[in-house]
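In what follows, a structure is listed as structure tokens, so that the remarks can point back to it.
Chain nomenclature is as follows: A, B, C, D, E and F, assigned in order of appearance, with residue numbering initiated at 1 for each chain independently.
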Amino acid sequence: MSQQLKIALPKGSLQEPTLSLFEKAGYNIYSSDRGLRPSSDDSDLDIYMIRAQEIGRYIDQGFVDCGITGYDWVYENKVDLEDLAELPYSRASTRPTRWVLVVPENSEIQTVQDLEGKRIATEGVGITERYLAEKGVSAKLEFSWGATEVKVPDLVDAIVDVTETGSSLRANKLRIVDELLQSFPHFYANPNAYRDDWKKEKMDRIVMMLKGALEARDKVGLKLNLPKSALEPVLEILPSLRRPTVSPLADGDWVAVETVICESIARQIIPDLKVLGAEGIIEFPLNKIVP
Amino acid sequence: MSQQLKIALPKGSLQEPTLSLFEKAGYNIYSSDRGLRPSSDDSDLDIYMIRAQEIGRYIDQGFVDCGITGYDWVYENKVDLEDLAELPYSRASTRPTRWVLVVPENSEIQTVQDLEGKRIATEGVGITERYLAEKGVSAKLEFSWGATEVKVPDLVDAIVDVTETGSSLRANKLRIVDELLQSFPHFYANPNAYRDDWKKEKMDRIVMMLKGALEARDKVGLKLNLPKSALEPVLEILPSLRRPTVSPLADGDWVAVETVICESIARQIIPDLKVLGAEGIIEFPLNKIVP
Amino acid sequence: MSQQLKIALPKGSLQEPTLSLFEKAGYNIYSSDRGLRPSSDDSDLDIYMIRAQEIGRYIDQGFVDCGITGYDWVYENKVDLEDLAELPYSRASTRPTRWVLVVPENSEIQTVQDLEGKRIATEGVGITERYLAEKGVSAKLEFSWGATEVKVPDLVDAIVDVTETGSSLRANKLRIVDELLQSFPHFYANPNAYRDDWKKEKMDRIVMMLKGALEARDKVGLKLNLPKSALEPVLEILPSLRRPTVSPLADGDWVAVETVICESIARQIIPDLKVLGAEGIIEFPLNKIVP
Amino acid sequence: MSQQLKIALPKGSLQEPTLSLFEKAGYNIYSSDRGLRPSSDDSDLDIYMIRAQEIGRYIDQGFVDCGITGYDWVYENKVDLEDLAELPYSRASTRPTRWVLVVPENSEIQTVQDLEGKRIATEGVGITERYLAEKGVSAKLEFSWGATEVKVPDLVDAIVDVTETGSSLRANKLRIVDELLQSFPHFYANPNAYRDDWKKEKMDRIVMMLKGALEARDKVGLKLNLPKSALEPVLEILPSLRRPTVSPLADGDWVAVETVICESIARQIIPDLKVLGAEGIIEFPLNKIVP
Amino acid sequence: MSQQLKIALPKGSLQEPTLSLFEKAGYNIYSSDRGLRPSSDDSDLDIYMIRAQEIGRYIDQGFVDCGITGYDWVYENKVDLEDLAELPYSRASTRPTRWVLVVPENSEIQTVQDLEGKRIATEGVGITERYLAEKGVSAKLEFSWGATEVKVPDLVDAIVDVTETGSSLRANKLRIVDELLQSFPHFYANPNAYRDDWKKEKMDRIVMMLKGALEARDKVGLKLNLPKSALEPVLEILPSLRRPTVSPLADGDWVAVETVICESIARQIIPDLKVLGAEGIIEFPLNKIVP
Amino acid sequence: MSQQLKIALPKGSLQEPTLSLFEKAGYNIYSSDRGLRPSSDDSDLDIYMIRAQEIGRYIDQGFVDCGITGYDWVYENKVDLEDLAELPYSRASTRPTRWVLVVPENSEIQTVQDLEGKRIATEGVGITERYLAEKGVSAKLEFSWGATEVKVPDLVDAIVDVTETGSSLRANKLRIVDELLQSFPHFYANPNAYRDDWKKEKMDRIVMMLKGALEARDKVGLKLNLPKSALEPVLEILPSLRRPTVSPLADGDWVAVETVICESIARQIIPDLKVLGAEGIIEFPLNKIVP
């Protein structure tokens, strides 16, 4: 084991989707329940499971070479890292995490300006400070240890909290006043580590595979047989995610076409392909796409 | 959102397999636990989750344009709907729901004629009435609110109940006297709605995709390399679900063949293909087949 | 139902992975929780669910024609069976079961020789007897009904127990002194049954499909488009699990290449393929591979 | 087994609290999951598990001698039974089931009169018919097979549904227009069966024990030592659920007092008793109280 | 920690009821999931969790001083132990474990004599050998590793298996031919250990408390107020589990009576007590009874 | 609702034991899963569920009148509150929470002095700062967002973390260097609120009932009949938690004795009582004890 890449992955709500993304990308990580140091089937990797809030700090200090954590926490911690890629996944959906300024539905607060002199609770004190400074508003900020949503209006006037879909906010009868930030996980590197040739190449390969797996999430493969005469109009309506493969068939008047499309396009385009004369259409699943 | 298709899907035991079928067909439906009105990733759809027993009624009255429900409940409700397709899936298997006339194993009742003047409990009062009328038998019918199987012989002489596999009947020491009906889910439309061009095309596309997903359930893709000389005998034994694609290989004496077969055929045919000289046989999963 | 093959599958910890392997191989087995005699979608099969420890005995006595059980239990039982194939899967990983001689971390016992006159508990009395005889060591062996790991050092001096990963041993502060045996499941036949033509062919087909499913576990399909000029260097770096298919594309300067590789190779090779000029790389899952 | 009492208990949401009440009353009923005919440790009882909706019908027809079911379903079925006792328990709380007329929060319907000509869905068609007749309102009633709450406003204008706490209604943004009925379980007898001496005495004993167990639910026993001089003021503030027992103590200036009070009174009265000079106050749980 | 009592408790299906019995007896045992050596709140105890099958062997060999295990396994192992008490509890009920000779419902075997020359599978080879010897029957016995019930009739002609309620046998369509043994857990001591004064006294105390807790299982305390004149007839009908306490009340014409009765008697006697003039009857739970 | 007491209870790991303690004390709190403001059956109470870390702050600021939280967090926050009672319960046992300085088993750090210049992670930055200042040690402290135990030795040199039993520390191969603090929950009041007569009396009553419920946890009631002659020696060995009640019995030579003892004493004393001639000993459970 000559050289290893120290990589930090987030414990907590992002843990399962992150490990599952690595598995789709071809890296199996064997994570016990509480372990900080899971093993994997790639002996080049030295993996640390760390809270998302702290990953930026440990990359910045050089304790790990690189890692995946939310853009929000890197912004909160004001650390300066090499940003290799945005990875558009999240804990339960494909929507970004949103940091929002929230008040009770029936609060008199309508804009951030109305918060002058008021009390705000948040887990993201740094994010909120920078936002308020930018808006020229002065308010009392307090760090919240959790269960932030239930603190308005009894304990504070407003909160800054995280949401993906807003449904939890609606259930608590809260209203969004403003959005401070949208955030997806990113792959960050320590600038010094990224200058090391071996580490740089290793990180670039991992990023390529992670993006390939994300790219394939909502895509499917499509094969169909076509009368040669229909080839041109079919190629016109096929979206060009990937150069379609056209192969001759035994029956010389027909060709086989194979391509990759979005699954949500498939339900639109398959009926149209039938109209154009396609036969034997089959759709099959994909693991990865590297364009 | 100019125009929308109101579509009813069954709550209850068919809910999970129905939503899963839509997902395979390319439509993601986001259904909260109790919600009547789930959202989806197709903004053309306005979805209602309704009990299977009531869907026919609401399509008939025009509250929704179309929907999926069992043939049995449409028959029970005696409503007159446009029947676009039978969809051969069920709650836990691929077997149809069967409505059966059932008595205790040791009952003296041997045929429906023996029920003259007897008491019958059932959730399908309409189905049973029509069956008895047809057989010329007169019996006392009572609506059962559930747990019908345990009512014989203490509370009634016979029951008409639903079964897929018969195993629950055997466990309760019951005997089937006759079968009244077999039923799969169908896609039904309100006749007026089906006369609307936009709605008709939308329904037809959905039905095509649902059938494509069902078609692919037990099918697999198969690829293999063949000496050219073996092509003819191989094509002969390959079942003709779809025109096989034959492609030349770099080595001019060999060709690549690709086709689609039933998974249960694969276990028969792969050993035979080996005997005929096939090499590099791979089998891969499919999402949809539109012949 | 003219002729049937009596086949024994292991109840207990190997049950789930075995049934799942059969499903991947194309045989669906409908197993109720406690049932000895599950049904399947292949009416040629007459299936028995039996404890792994007893399967060898029942094959040997001719109560069943063939079955899957661990090599270790066949060795323990000293029965003489036809060994058709090793099937490299296990209860929770892809590692073999290991029978190991174990003592407490701080025990004075360093080698098997130190066990002279000592007490050993094990579920594998036969395996241990043969091992000790071979080593020329005489010790007191007692059959353990389970929970063997916790018996040292209070009740016995050493144990012979089963482990896959060793993690449970470490958690109990135990040390491995020696390894007696490594064992995977095998497909065994009764020698007389294997002389029957129909049964022999049936068994061989099943073994071929099981091996095909195991073969596909960690493999993926790979397709890519290439400039013709890059074909030769690409074919050089592609591992040769299966003859790659090379097809012409509409654009005559490009070809499509399709092959099968190990998933763990994919993460190495895809970046290299990009460097060589590959485009539109897609990776797709496989069900079976029969080379 | 000379004579037996046929008694019906409710399957479904009342099943667990009913069996648990019988256990507290001293009758252990061994109920398998789906069984209609559980056994018990009182061989005088012949027990039927039947849906609450149907119990009244089967008591009325004489298939069973007596049973426990909600007052609401007896009212719905318009059967004439001997009403031996109201038993104030419910599925999840100690509050009665309420049948309420419900509309969406923002509906224009304010009183039952506004329902003239409107559509109403309900599982209690009889209850609703009688209520509307009494109010002189004519509306279209349809039987709901379940999931009634989600039908307004898309499928019907109003519903009549069951609630205990109203919280599910609030979560669905519904408003209560009127309450039709409050209902607890009752112990009902068939009038003929109640004329049989043996059966009457058996039913009366069961009712006494059920009421004794319900009575003890929120009560506790209380013991304390008192200076004789404090006895009078203490007896004055002790609620008179049961004649307190006053016993002499070894120290002739002190007496021991024992009584039964509501648990919610205990938290009020114990501090007051301390002020009056009580010592060694202990509170202990009760199983049954028969006053 | 001068002296300790080594005591073995059964792992497996008896574990939970045994630890729960000790808790009721006043000994809290802190048992981790797999641990052989749990701690407790009585530092005199050195506890071993061992399989019920092996406890007799380890008591006999002197590895532990005493333990609780089924009479059946001591009989199976033919060891000679001091039998301090039968403890009538079991894994899921209060019925003894029964070892029964079992055949398929439709087997031709009617008595043990019909087993001459037949095959029998059992986990209790010793128990079965002694039973067959006593009956003068010679059969082929094989040790069963589990799932014994499903082996008839395919693999063996009969089984000897354990049952509490017989329900699992009925579900498997099996018929009991004979009963070999009934067995409850016993408290056994090594004869030498029982000669040690300190150990003997410790064991006797534990046995007294275990029996006290078992004694209280189905008993309840009962208090009531009575007119003095009714005292004699009431004392006559009260079962004499324990001398009733009769105390004077403030009102000199009344007395308070307190006693202990079986819970199943309570439901009979309370109505009778009411008839005799009792008032303020309360029933309360008990932890232990030492007569 | 004239006046109410605002009381804060801890969300998180202390939530269940706290609500359960209130229930035993006679206050039923109806807590939905996430709700900050549960209702209760005492309309005098206005309840807030808040993180234990924040309760001290909100009592200090006067947002609530009183609350229950760990002594540790009040110490961490350096707030000055009225301390009404220590309540000796905890999340999973009856042991206090311990804040301990922890290093890896094989670390060179032996005393707190060895931490000079080292890195320490902790959730209790205030507690640790005050401890280090007291010891005259200067180290780098960083706030840990959780999963603190797994940070040594890779990310920090030592941690200050919370433990009840130390078992999690042992499982992680950590060693305790020093203990900073032991902590139980306390009932704290805001000094101003405690000066309000109504609030003071309300708080004092609640504290009395909470302590009464805690007091009864490990106690039991004991009744026995005695020959008069044995009364004196028995009273001598009975522990004096509460003045025993001695009542005459019908048989004038006997008396009934009733008392309260620790459950762990019961197993010692009952055998001794038997020796002294006691009969009919019964032990019964208690809800509360107010001495």
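Methods note: contacts are C-beta pairs under 8 Å (C-beta built on N, C-alpha and C of every residue); 3 or more make two chains touch, one makes a residue touch a chain.
A quick map from chain label to UniProt name: A, B, C, D, E, F = ATP phosphoribosyltransferase.
It should be emphasised that the depicted structure is a prediction, and the values quoted were computed from it without experimental measurement.
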item	value
Pair from A-B, A-F or B-D with over half of its contact pairs in common with E-F	A-B
Pair exhibiting more inter-chain C-beta contacts, B-D or B-C	B-C
Relative to chain D (ATP phosphoribosyltransferase), chain with the most remote C-alpha centre	C
Chain D (ATP phosphoribosyltransferase) and chain E (ATP phosphoribosyltransferase), separation of their C-alpha mean positions in angstrom	37
Between chain B (ATP phosphoribosyltransferase) and chain F (ATP phosphoribosyltransferase), centroid-to-centroid distance (C-alpha), Å	59
Chain A (ATP phosphoribosyltransferase) and chain D (ATP phosphoribosyltransferase), separation of their C-alpha mean positions in angstrom	52
Touching two or more other chains - residues of chain E (ATP phosphoribosyltransferase)	247, 284-285
Every chain pair in contact, whichever chains are involved	A-B, A-C, A-F, B-C, B-D, C-E, D-E, D-F, E-F
Contact footprint of chain B (ATP phosphoribosyltransferase) on chain A (ATP phosphoribosyltransferase) as seen in their complex	220, 223, 225, 247-251, 254, 256, 263-264, 266-268, 270-271, 274, 279-285
Contacting residues of chain F (ATP phosphoribosyltransferase) [partner chain D (ATP phosphoribosyltransferase), same complex]	25-27, 41-42, 204-205, 208-209, 212, 216, 221, 242-247, 260, 284-291
Sites on chain F (ATP phosphoribosyltransferase) touched by chain A (ATP phosphoribosyltransferase) in the complex	11-12, 34-37, 48-51, 53-54, 57-58, 63, 144-147, 149-151, 154-155
